[in-house]
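Structures are listed in the sections that come next.
You will see two complexes here that share chain A, one where it goes with chain B and one where it goes with chain C.
What follows is the complex of A and B.
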C-alpha cells in the first residue's frame, strides 16, 4: 500500500496528500521568490539593469545555457547526471563550423549535428544501463572524449567559416521586438519538453525512474529504455546548444562548451529540481538560468573585481546544491 | 493545489517581465554626465597568467595617477561566449571606450561592430582583431613574429640541425596558432631540423613538467625545445635541471622576470620579449577620449633575449 502510494505520488497523476502545505509550497516557489528578489536587487544596484537593451542582453546570454540545462533537467529527474553535456556542446559547435566550411546546407548540417550529439547521449545511456555504473563517472569520461573529438573535428584550432549562410549569421542576433528569437525558440523547446514530461507515458516513467528505480522496475517499466531516452534527449539538446553557440560566436571553438561548466547543473538545481531525482519541473529550470544570467550580468554592470565574481559564482553553485539536497524530504 | 499555485506564480512572473520589457523601452541615461570623468572598459581574455596579473598591477598604478578615470575590468575566463557577454555588458553600461584583448578574435567581430554602432570606440591590446575597421588604435604584440624570432634563436644555436620538441598553449587559441605558424615558417626552411614531438601543455608550468618528463622518456635524443611561453619553458628547464641534463637548448616567448633570471643563471637559453600593453593602451585610450585621435597603431617590438643582452632588459622591480 505504502509503495503504491509512493508510486502514485511520484508519477504525479493524483496526489492523495494534496492538502494545503505551506512548507512544501515555499520550497516549490523559492526559486521564483529568489528571482523576483534578485530582479529588485539588480535594479537597485545598477541603473542600467532595467533598460530594454540590457534585458535583451540577459536573455541572449542565458539562451545557450538554457538549451543545455533543459537536457540536464530531464537526466537529473531520472536520478542521474550528464556531465558530458559541455563536451557535447563543444563537439557540436565545431561540427557545425566544419560542415558549413565544407559547403553543407543548413538543414542537412543541423540534422547531422543533432544525430551526432544524440548518439553521444545514446552511448551514455547504454553504457550506464548495461554496466550499472554511476552516471557521474561515465559521463565525466564521455565529456573528455567529446572535448577530444572537438579538437579532432576542428583540427586542433578554432574553425573560421568563410561565406556564412545568412540564416546562421542572424540566428543569434535576430530579435522579435525586444526579445531575442533565440530565447523564443528556447521557450518553445521548454514548452514541448514540459508537455512531454507531464502528459506522456514516457514522461511519467522518467519521473518514476528518478523517484525509485526498483519500484519502477518491479512495476514493469523498462528502466534501460527510459534512462537511455533521457540521455538521448540530453544529447539532442547539447546539439541544439552547440548550434546556437556557433551562431553566437560565429566560429567553431573546440573549448566552447567549457564556459557552461557547472552552470548547467546549477541552473537545474536552482530551479528546484532535486539532484536525487523524481521531483522538479523543466519550467522551473528557466527560472534557474535567469537567476544565473542576472547574477553574471549584474556582477559585470556593478563592476565587481573579476576574482570576486568567480568566488560569488562558485558560492552560488555550492549554495544551490546544498539547498537542493537539504530539502530532499 | 500547490502545483497550480506554482503555475500561476510563474505566469504572473512572465507577464510582469513582459510588462517590464514594454515599459522600459526608453534607454538609460549615459552613466558619465560630467564631461571630465571617463569610464574605460577593459575586456581581458582570462586572468590566470602572470602577464594578465602584471597588467592589473600596472592598470591600478596608472589609475592612481588619473583620478578622473574609472575602469570596468572583465575576465573572459578563456571563453568566447563569456567575452562576448562581457562586451555586451560594457555597451549597456555605456563605457566611453573599450580596450579588448580577444580570446578568439573572430568571435568578437559581431559584438565589436555593435559597440561601434553604439558610438563606443575600440582599442585592441595584446592581440589583433579580425575586423580592424572597428578599432581606433591598437597596442599589440606580433605573436607570429615572436614565433619566428624564437625559431631563429633556436635554429641558429643548434647550427641548423637537430631534434626538437614543441610545447603548445591551449589548442585553438589565437596566440597559440600565431606563435606556432610563425615558428614553423622558419623551421620549415631547415630540412635537418626535425620536430620529434609536439604536445599541448596549456601555457602552464606544472603541466609542462609532466608533459616534458614523458617526452623525455620517449625521446632521449633531443637537442632543442620550443615552448609557446616562458611558463612552460621554465617547467622544462626544471625537468632538465633535475635530470642533470645541460645540453638541451630551451627557448620560449614572453620575457617574464623569472625567465630572465633563469637566463642569467644559465639554465634557460633564450626568450622573446613580450611587452605588457599597460599603461600604453590606457594612455592611448585617454588620448583618444581627449583629442579624438590616436597617434600610433604599431606593433610592439619582439626582442630576442639571451645571456648576452639579458642585463639590459632585467629590472628587479618589474611586475612581469
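What follows is the complex of A and C.
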C-alpha cells in the first residue's frame, strides 16, 4: 500500500479513495511493463544484448533522442506539437561545428547555440499564439526553415572541424562506470524538468493549458506566455540535442536531425503522454526512449535487413499509439 | 373543422434530471397554422425534435392520417411528410440553390447528375413560391430571407405535408417577414399545414389559427387565436410556485461596485447598468437575447466595441479576464465543462488555479498552504469529493460548480457574475446554491445573476434587467419583479 501510494504520488494522483486509481495505475504502468517485457525478450533473442558494452551503447544511442523528446513532451502536454525539433537539432549541430571551426571557445559556443535554438521555439510559440493556427502546420513550416538554415550555416556540406577541444572530443565517450556521462546529464535534465512541471506555477499552467485552454484564459492566465514558454524549452532541448549530436559524430551534418524523425513523437506517446494534452509525465518519456532504443538495438543484433527494421519499428509505433488511445475510453 | 391530420397523444420525453415533455397532446388540421408558445425550456424544441426524428419519444403516440407512426430517425420523418425549417440556416453555401433544394435526391441521367432537369424542377418550385431567385445561383449570394425561402422550397420539394417553422422571424427583417407570411397564407389555402414557433407573440396573432402554450414541459392549453390576447397567453406561460426559490430580500445594499455604460459588442448594443454591494441583480431575457455575451464583455472575455466599465466609481481598463480578475471580478460561466473546470485536473488544482501567483514562492507552488485553503472550502461549501486530489471530471455537476465558486471566492471577488449557476444541477444542490448566493450578497458581494429559470430571477433578485435582442429594454425594481412583468418585457410586446 505504501509503495503504491508513493507511486501514485509520482504520477500525480495520490488519492487512495479514488476507485479509478487501480485502472489508472495499470494504464500508467503499462509502458514500464512493456519495457521490462521487451528487455526480457531482447535478452533471449540475442546473447550480446546483456553485455555491458552493448547496454552502454544503447544508453548512448538513446540520449540524443532523449533530449529532443523531453522538449517534445512539454509541448505535447500543452496540447500542441513541435515538429520543428528535428530541423532545430540539425541547425544546432551545424552551428556547433561552424563556431568551433572558427575557433570559438566551448562555453560561448554552447550559449550561442542554445540561444539560437531557443529563438526558434520563441518564434513557434508567438506565431501560433498570435495567429491562432494549428501548431502542426506552423512547426512543420519551421522544420523546413531550420533544415534550410542548417544548409546555409554549413555551406551546403558536412562541416569537418580540425583541432577539436578535448571537452567536445570526449563528451560522448566519457563514462561513469558503465553509464555514459551524456545519459547521466540526460537524467539530470529530466529530473529538473520533472520538478519544474510538477512543482512550479508555470508547470501547472502548462498542464492546465493542455487540459483546457479556455479555463486557463478565463482564470486570468496569459496563455500566450505559457505556450511560448513550452516552445522555448522545446527549442532549448533541441539545441542540447544538437550539441550532443555533434559530440557523437564530431562533424556538422546539416541532415543530422532527420535521423530522429518521428521517433521524437513516438517516444513521448509510448511513454503514455496523451497527444490531446494535459496528461502525462516527462519521466515516462525516458521509458519511451528506452523502448525505442532497445527495439532498434535488438533488430540490429538479430540481423534484420534495414527495410525489415523500418517496417517493424513503424508497426510497433502504431501499436503503441493504438494501445495508448484505446485506454482513453 | 373535420378530423385532424396529425394527433400527438400524451407524449413524454425524459432527460437525465428533467422531464422535457410531460404527457403533451396536440393536434393539427389540414390547412391550419398552429402556433406554439412558451418560455425558454418549456419544451418547444424537444417537441420539434421528436416530430423531426432527432429524438425518440419515451411514451405516447403520434397518429398521422389515422395511422400510428413511429418516427425513428430524421429520414422517416421526412418520408412521413414532416419538414423543419430551422432558425439557423442549414444550407450549403458553396452549392447552388437547385443543388441545395434537391440535395441527396439529384435527378440522374446515365450515371451523371442531370443538371438541366435539376435546375428546371427547382426553378418551378421557386416560381410557385413567387420568388425572384434563379435556381443556378449560389446560396452564398442570397440574403437571409431568401435562404429561408429556399429552405421552404426544399421542404416543399420533398413533399412535406407538415411544415415546422422554428423562429423564422429571428433572422429576417419585418418586410421580409411579411413576404413569408404571404407565402404561408398561399400555401395554407392549398391545404398545407404549419406548426409555427415564435417568441414574438404579435406574430402569432397575425399568422396563427390556434395557439398551444407549453410550460415546463406540460401543455397548459390550446386556444383559438381569435378568442385570446397576448395578456392571456403570457398568463398561461407563467405562474409557478416560488416557495422553494424565494429568499428574503432585506439585504443591506451599499455603494455601487460596478457600473457599465453604453457597452456594445458583436451581439449587445448600448447596454448600461449598475450593480451595488450586497445586491443580487438578475438579468433575464430569452435565450439569444445577449445576457451571456454582455457578461463576457464585462469580464474581458469577449471583445468590446464601445462602452466604459467603472469599478468602485473608477473607470477601469478591462481587455482580458486577467484585467477583470485584477479588478475584483469573478465569473461562473454558463458552460462548466468548456470554460469552468479543467476536467482532468484535481479539485485542488482547479480551486487554487486563479490565485497561484499569491500561492507561489520563487515560482514554486506552496502545496501545504494550498491544501489548507482547499480543505477549508471543501468543508465550507460542502463539496462532495473523496479528497482534494480527486479529478474534477468525477464530481457531480453541482460539486464542480462549487469548485468554480470556490475558485472565485479565493480571488476575493467583490463582483461575481453567475451565468446559469444551477444549470444541470439536482434540486437539493440548487437549494444550497440559492443559500450560498444569498449569503454572499449579505456578506457584501455584488452579484450579477443570469438565469433562464424565471423563478430564480424572481426569487433571488433585488433588481432585474430585462434584455431583448442585445439591448436592455427594462429595469425592474424590487416591487415590480414578477414572472408576468419579466415575460411581458422579454417577449417583444412592448413597443
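Note that the second predicted complex is superposed on the first by the 308 of 329 C-alpha atoms of A that agree within 3 Å, B and C clash if a C-alpha of one lies under 4 Å from a C-alpha of the other, contacts with A are read in each partner's own complex, and residues count from 1 in each chain.
What we mean here is this: contacts are C-beta pairs under 8 Å (C-beta built on N, C-alpha and C of every residue); 3 or more make two chains touch, one makes a residue touch a chain.
Just so you know, these numbers come straight off a predicted model, no measurement behind them.
Novice: Mind telling me which of the two, chain B or chain C, contacts the most residues of chain A?
Specialist: After superposition, B is the partner touching more of chain A.
Novice: With both complexes superposed on chain A, which partner does A:311 reach: first (chain B), second (chain C), both or neither?
Specialist: In the superposition, A:311 contacts neither chain B nor chain C.
Novice: Based on the superposed arrangement, let me know which partner A:133 touches: chain B (first), chain C (second), both, or neither?
Specialist: neither
Novice: When the two structures are overlaid on chain A, which partner does A:297 contact: first (chain B), second (chain C), both, or neither?
Specialist: first
Novice: Figure out whether A:111 sits in contact with chain B (first) or chain C (second), or with both, or with neither.
Specialist: After superposition on chain A, A:111 lies in contact with neither partner.
Novice: Who does A:47 touch here: chain B (first), chain C (second), both, or neither?
Specialist: First partner only.
Novice: Between chain B and chain C, whom does A:37 touch in the aligned arrangement: first, second, both, or neither?
Specialist: A:37 contacts neither chain B nor chain C.
Novice: I'd like to know which partner A:251 touches here: chain B for first, chain C for second, both or neither.
Specialist: A:251: touches chain B, not chain C.
Novice: Can you list the residues of chain A that meet both chain B and chain C?
Specialist: Residues 15, 18, 20 of chain A touch both chain B and chain C.
Novice: Touching chain A in the complex: which residues of chain C?
Specialist: Per the touch definition, chain C meets chain A at residues 299, 301, 320-322, 324-326, 331, 333, 338-346, 349, 353-354, 356-357, 359-360, 363-365, 367, 386-387, 389-391, 394, 407.
Novice: Sort out for me which residues of chain A touch chain B in the complex.
Specialist: 15, 18-21, 24-25, 28-29, 32, 35-36, 46-48, 50-55, 57, 60-61, 64, 151, 154, 156-158, 160, 173, 177-179, 245, 248-251, 253-256, 258-259, 281, 283-284, 287, 296-297, 300-301, 303, 305-307, 309-310
Novice: Which stretch or stretches of chain A touch chain C in the complex?
Specialist: 13-15, 17-18, 20, 199-202, 204-205, 207-208, 211-212, 214-222, 278-279
Novice: Under the touch definition given earlier, write down the residues of chain B that touch chain A in their complex.
Specialist: For chain B paired with chain A, touching residues are 1-3, 5-6, 9-10, 13, 20-21, 24-29, 31, 44, 47, 72-75, 77-82, 84-86, 88-94, 104, 106-107, 109-110, 170-174, 176-177.
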